[in-house]
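Read through the structures below before going on.
Here chain A shows up in two complexes: once beside chain B, once beside chain C.
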Partner chain A sequence: MHELLLFASVPVHQRHELLQQLAGLTAMQPRHCLERRLIFKAYRKPGLVTVRTGASQDLQSAELQRLNKMLNGGMYYTQVVGSVSEMDFGGAGAAPPGPDDTAMTDTNDDANAPPADQYDYAHQPWRLEFRDIPEAGTRSAVTARVMSSAALPRGDIVPPMNAWGYSFVTEYVVEGDVFIHNDIVIFLHRVLHYPTTDQEYREPRRQLPVFKDMAPLEKSGSYVLQASITVQDGSNQETMKTASQHLFGLREQLKSAVRLEQADRLSLDTRAK
Partner chain B sequence: MPITGVYFVPSHPNASTALGTITERLRSAFVDEDLTPIGRWALEHKLMRDTPGCLPASANPGQQTSKPRYMQFLSLSHYPHHGFIYTSEPLEKPFHPPNAASPVPPSSAASPGAHPINSPGVVNATPQSTGSNAATPVSPTTDAMRMTSVPPSAYNTLFQHFTYACQPFWCHRLTVAVPNGAVYDMGDFRVRVGDVRQTFPAARVRGTVVEIEWRGPSVIESLPLSDAIPDADSGIDVSFVAIEESDIDAELAATASLIREFWTRLQVDGGRESILVPSLGKEIKDRLASCKRRSAVPAETALENATVQEADPDPYAGADLARQYMEALRFNR
Partner chain C sequence: MANSFTLPLRPLLEKHDRSDSLSAEIAQISNQWGSFRDVNEEILRTQIAKEKEQDGTRDDEEGPEADTTERLEQLYKRRAEITQFAMQAHMETMFALDFVSLVLSKHSPRQAETSMSAFLKQIAPLGSLNSEVVTPPPRSDSARKDVSVISRGWRIQNFNSAANKLLSAGSRLEKEIASETRYWKEVLEVKSKGWKICRLPRERQSLGVQYGFLEAIPIFRDRGLACLRRAEDGGLVLDKGLVPSKARQVRVQVKRHDQIVGCSTLPRPTSNDPESIEHRILQARDTVFEEELFHELIREARSMAMHGVTTRQNLIRIPTSEDYEILIDLVDANDDRVQSNLYHSQQDLLLADALALSIRILLSYAHRQNLRRRTQAPPPLTPKRRPVPEYHLLRPAIAYFQHMSHVRWLESFFKDIFGVLQTAGLDSARYTANFASTWKPTHASRAESPVEEFVEKFLTPLESTFSGNLLTPRGTFIVTIRTNLASPPFGTNFDVSFDMPKYADLKSPGRIGLKDEVEASITHLLMLDVISTIASHGQPTPKPVPDSKESETWDVVYPHLGELLMPSSNPERHTKMKVALSRSDLSLEVYTVRNIDGIGRGRWELRSEGSKPRIWKSSVSMDQPSLMDFVAVESSGCQ
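Right after this comes the complex of A and B.
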């Protein structure tokens, strides 16, 4: 699958107004969302990849050449994303919610696990979100990249990811609002960092800190507006062109409010060195 | 989760398979049963292997060959809501707290750094410095495999992801399929037979697979699904509290002997058995443990949980059968 994108920076004071403009444009109320994003990095055992190449009289077989090419292929960072709610935050040491607080969390609690109003890591749903580095040399003024998204088992995702060749690097939280405009997903969001503690996290947190302790990555608290279209068959030039046209249409419609533009390709590089 | 056994009868590429023989023996061994298929079934299995392990030994002289690692993808038509992924456990876990079995000294693993994982070479260099321990796996059970069950849509996407983004460490080696198998009911057993055809890299016949499912009484079947709500009024038998893990092992072993007896009656030679595979019954035991935990909590909490039911009531259904197929179909390549 391919993903076509345009981005814009939104200062924090403009957010409220823009949310209203987007609600008007899309004829829907924003859907607030909070996501844990775990970053995993592909790893391989070092020392096994130095295949003898060149300076050799014997011709390599086609199979060997193919394997050699694969061994030197790209490795990537990938994200594992899990939806959470604000009520999941404030696990350890948080004040218990008031008696009139009857809203449910969106996670699934086991009865033996913490009460329903606490975060339950063992039932956290996850999905794998892979993004390739944006394609180079496209004349189009949109960012286009290969992507894939797949549901993963609930709970502790680290052991399967380790077995598959990925190791946990770090995690952060994305807070934002989603709008749907025809085939375009509009996501006004910002990255939140966990409060720094003495403890160094080598695996995903089992408890989430109090939400107000989460600090925006961008100190001024500004947001990113991301407009994206997913294209099933990226090799079909016609669909890709249509999708770009739709994004340009949105860019025109929002011209008075924000400037949607292509992102710097290298800033979205997901390759692991 | 029914108890099953899988047999695989390999055949030569150009010879006919054992399918005809097995069908005939089923007919003659169970004369009082009606041998008409009650349905069709299908299977697809993709085998991936670690890319460095695919190289011939002559390609990298002087380097010790490591243990092969596999990732297997299986889909079964009788478990349409699940795709199974079976992966060798990692040889080293570079980002885990050091444990007693780890050859990595605690000092290096716990060394502070902004992003220790960005340089796996640093972490992995330590065991090399201790000599021949470099290839020693952390886990004592090197053949351990991890079963993961995902929705069917994710199953295909994940396979494509690994072939696209993980080429340096995963290489697609084989695809085999049972395109059109037959299902028979024979007394307390349900039998699925079918020819296994390799479709990638080259089309050829691999052999015949026979799945024997026990459909008689079973303690395991009486366990409620993981998210079922124990309700005092519903009359559900809550006797699972009395079941122990050893009972499950005993039942698996007892049923395995019933399945073996069934297979022996067919008198088919050259069949490879895959019944009591490693980690068989893991999900059942997990479910038992969670049943026991849940039986200790008040019904009020359980009712609250009912409102947040997940879409899949049994996310690990068929995991044991999938394990047996994975073991039977992991051809050496």
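Right after this comes the complex of A and C.
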């Protein structure tokens, strides 16, 4: 599948107004959305059988060639996304007692008897999202890239990901609002960082800190408006063109509010060096 | 004659050279005679007559002057005269030029000198003539007075007209302000009642009101926006463009035996003022909803041809049973003919009303579903367009009718057959009916609001169950009727299952589609039940004594044929009983058979003397002996 994207930067004071404008445009209420995003990095497992290359290439079967290509192909960072709600934040013992945690004191009281609606890491659903580096040299003024998503088992995701050759790197949280405009998904969001603590996390957090402590990555708290449209068959020029036309149509409609434009290709590079 | 005589200055050319183009000639003619448009026959005739007359006179007058010498003389004379005129004109012009040059020579001598004649230069020095402006003599008092009076009159007149213009402009503005105020006040009133006011997308300078349904298909969604125009007096005019402003409604009629017996009541306008803008917006909204409803009904009806639904341009016909038919059409709301019929059956009226309400509720539900679908993340873009599925508007109602008719049939069947059993004195068999058990609240519902959850139930398959006890102890049966028109398998299914300890190896028939088969299988089941009851009836005493050859029990030999046998010590005189059960009666017959193996059936069967087949019918009164009494009599008679 392919994904076509346009981005715009939205200062924090404009957010409320833009939400209202988008609600009017799409004739729907925004769907608030909070996602944990875990970054995994692919690595080459040592001791993999390397198939001979060279003179005997013609003897390799097509199947083997494909496998070989997959094993020796490029390595990518990939994301594991899990939807959470604001209720899940601020669980007891989310972080080791830090110096800045005033909220921790009241959550510590009921640490012995956790409420039923506490964050349950063991049942957290996950989704794998792979995004390629955007295509280079396209004449069209949209960002286009290969993408794929797949559902993952619930609960602790690190062991299966390790088994597939991915190691955990870091995680962050995305908060935002989703609108649907025909085929276009409009996502007004920003990235939140976990509060810095002494402890370094080598695996995903099992408890989430208090939501108020989450700090935006962009210090001013500004948002990113992302308009995306997915295309089933990226080799079909006709549908790709239709999809970009739809995005351009949206860009025209939002022209007086925000300026949607193509993103810098290298800033969306997901290749693991 | 002298005036009309013209003299060519150049020698006459012998051959006229037509160098002029046609257009030039046309121009010349129209210049001379006027436009061709004014030429008509009469004018031409008079013209010709006039020319002829002139020619005639000329001919007459030229007659005596035919003398050429005299003519030449006159010609020279005229030429000299012309030359003289020309000379004189030239001279006068030169004098004027000299004079002007002399006057100018004072101010610009060099330039004036060039246009002076030599003679003038000789006799008069340059700049010897001056000119200056002189004031005219003062006018007389009376003349001045006249002028002042006239000019005053003019001024007054102009002032008056200016004042009039300003006043009329003022009053026009005032009127405009009043009507604008009224317009905006009414617009605000409309807005305060909760209607959405917006600018029209194609006509940016005018206001529109949105009353339609955003989730309808695009044709009807776009019709839900109308322009609010200002009338002359400032009142609001709802401008719906080309759409006719007639109010229309969907009507449901019930037809029985080719006669319309019930009709849904069309809602009356709620507002008491039919001219108010509020009323007109409401009417427009209702009409667009009703038209969409009918559109969707037609769309759905076309896909339901397999259920016998037929469509005409403005009519949907749904046959629900043999003599019942439902007609749906779109009629004008204010058509009084529609309501004038008198209907006798309250039930049919209720039916029509209920159907009319249910299709509207289901369309609103479909709108909500559309909103939900629209706000979900869209699937990837593909070249194929996503088809818009038909809404389920008629299907729940038709499923209900179909289900009802099957349930009623099964109910009457059970009533009949259990009536037969009861007449025969077999009272312990009972059944209970439970209509549409699935309409109880379901816990696992996707719906968010209780209303949607409620409506969702109408779209689930209908299910009714009949359950009961059999005559044999611990024997039970369950018949489930399922009707599903929303998804395959379409139609009604009967699920017959039973639990008979006596025939443990007998499988339940399971899912059956045909009524006849259902009837046959249930009848068969009950017959087996009756047989086993008869067989067990002879054993009130626990065990027959083994050495007693005259056992008084009936053995079941061919249960599926309904045959029992009482073996006798005499191999020639076995007694056989045949049981037959049908919806209308239960019959018992006793035979004497000589052979009990299965091969010789029929040939060796002899009806017992004095024994007639015994028949119980449900309609016959209860005073006859019960089946068990009969069996007892027969058993004893065999000994």
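Here are some notes:
FYI, the second predicted complex is superposed on the first by the 222 of 273 C-alpha atoms of A that agree within 3 Å, B and C clash if a C-alpha of one lies under 4 Å from a C-alpha of the other, contacts with A are read in each partner's own complex, and residues count from 1 in each chain.
Assume a contact is a pair of C-beta atoms (placed from the backbone, for glycine too) under 8 Å apart; a residue touches a chain by one contact, two chains touch by 3 or more.
This one's a predicted model, so the numbers in the text were calculated from it and none came from an experiment.
When the shared chain is aligned, chain B comes close enough to touch A:150, but chain C does not.
A count of residues in chain A touched by chain B and by chain C gives the higher number to B. When the two structures are aligned on the shared chain, A:225 is found in touch with neither chain B nor chain C.
In the superposition on chain A, contact is made by A:243 with chain C only, not with chain B.
Of the two partner chains placed around the shared chain by superposition, chain C is the only one that A:233 touches, whereas chain B remains out of contact.
Of the two partner chains, chain C is the only one touched by A:182; chain B is not. In the superposed model, A:159 lies in contact with chain B only, and not with chain C. Contacts of A:202 after superposition: chain B is touched, whereas chain C is not reached. By the touch criterion stated above, A:31 is placed in contact with chain C alone, chain B being left untouched.
With the contact threshold set out at the top, not one residue of chain A is in contact with chain B in one structure and with chain C in the other. Residue ranges of chain B in contact with chain A, taken from their complex: 51-52, 54-56, 59-61, 63, 66, 71, 85, 87-97, 112, 115, 117-118, 120-121, 124-125, 128, 134, 146, 148-151, 153-155, 157-158, 160-162, 164-171, 227, 290, 293-294, 296-297, 301-302, 304-305, 307-310, 315.
Chain A contributes residues 41-52, 64, 67, 70-76, 78, 104-112, 115-116, 123, 125, 127-128, 130, 132, 146, 148-154, 159-160, 162-165, 167-170, 200, 202-203 to its touches with chain B in the complex.
By the touch rule above, chain A contacts chain C in their complex via residues 1, 27-28, 31, 178, 180, 182-185, 229-233, 236, 238-239, 242-243. Within the complex formed with chain A, the residues of chain C that make contact are 214, 371, 374-378, 380-383.
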